[in-house]
Amino acid sequence: MTHSIRRHHSNARMSKIVQHGDLIFLCGQTSSGTALASIDDQTSEVLRRIDALLLDVGSDRSHLLSATVYLKQIEDFAAMNAVWEAWVPPGAAPARTTVQAHLASPDLRVEITVVAACVGVSVS
Amino acid sequence: MTHSIRRHHSNARMSKIVQHGDLIFLCGQTSSGTALASIDDQTSEVLRRIDALLLDVGSDRSHLLSATVYLKQIEDFAAMNAVWEAWVPPGAAPARTTVQAHLASPDLRVEITVVAACVGVSVS
Amino acid sequence: MTHSIRRHHSNARMSKIVQHGDLIFLCGQTSSGTALASIDDQTSEVLRRIDALLLDVGSDRSHLLSATVYLKQIEDFAAMNAVWEAWVPPGAAPARTTVQAHLASPDLRVEITVVAACVGVSVS
């Protein structure tokens, strides 16, 4: 059995959303990159963007499977986690990995890449 | 067809294991972080933890699909590989990527994130 | 339903290709590592290698689901993107994440890890 691929918000470089079977791949989400935005503000904006993209395909944050968090400065770990933990629905946290990495723009302090599941009738 | 999501060892931040369909996502595994542990010891501990988590859901290291290895110092590449290669079952190596990245604690020298398959009857 | 795992180009360390269900995981692709190769040349070589591996299992670049791009120097972002965008088939860009990371050899300027879908009859 082979599933179709559905791409959303695509341009020449990337698709913001790729659906395949009941998997949803989002491109790495960053904030809009205001130079002086705090890690709290940037994390909040990233998570709002993830919410909006998942909503576009009828899913939501309770369906996250995995998340990779890239922090420009690992010293932001605790502050990012506080915003993250307030956002994750109780009992629905994804598998997560967090590492330090410089991002595409020097203003960016956090980028988060998630894989989620489509919403639907559970069969297992 | 939509599959249920089963999460194991979950807290407010992450689930150590997320199962969906016949995919298993583990959170990034690190050692317990003793400051003076060698790369050999840390890699061994990480791989023991991956074994234990896969066992929790009835799978094992012969079912790894992909692995991402993050090394605090890329100079540890050869030493990590020696432990890794002794651990991987012959003929069952996953697709792997290794990059350098600082990790959540300065004592951590290696973190490994894997995606594995559930064990079951093969149909293809 | 459980799918078999098919591994291709495997050695003790990794498999270059792992297929499971209709997912294809490739190991991180780098260039052959000539010290003086430009980011353009290295990116082109990486993408040719991805093409060749996908062809090995009957798929192609129009079936990419996600891509993670690691750049040794994030300053190479624009040059990498120019090669990347010329390579991606119109309307078929994957979800992508790009971060800076030192790679296994100091000569390597770019590594790309992709997940793709098998080619077959669409049922959804």
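Going in written order, the chains are labelled A, B and C, and every chain counts its residues from 1.
Everything that follows uses one rule, which is that a contact is a pair of C-beta atoms (placed from the backbone, for glycine too) under 8 Å apart; a residue touches a chain by one contact, two chains touch by 3 or more.
In this text the structure is predicted, and so the values were computed from the model without any measurement.
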Pairwise touch network: line, ring, star, complete, or other: complete
Subunit C against subunit B, contact positions shared by both copies (same if over half, else different): different
Distance from the mean Cα position of subunit C to that of subunit B, given in whole angstrom: 21
Multi-partner residues of subunit A (each touching 2 or more other chains): 21, 23, 68, 101, 115
Of subunit B, residues touching subunit C in the complex: 21-23, 63, 65-68, 74, 77, 81, 84-85, 88, 90-101, 115, 117-124
Touching residues (chain side subunit B, partner subunit A) in the complex: 1-5, 7, 10-18, 20-21, 23, 25-28, 68, 70, 101-104, 111, 113, 115
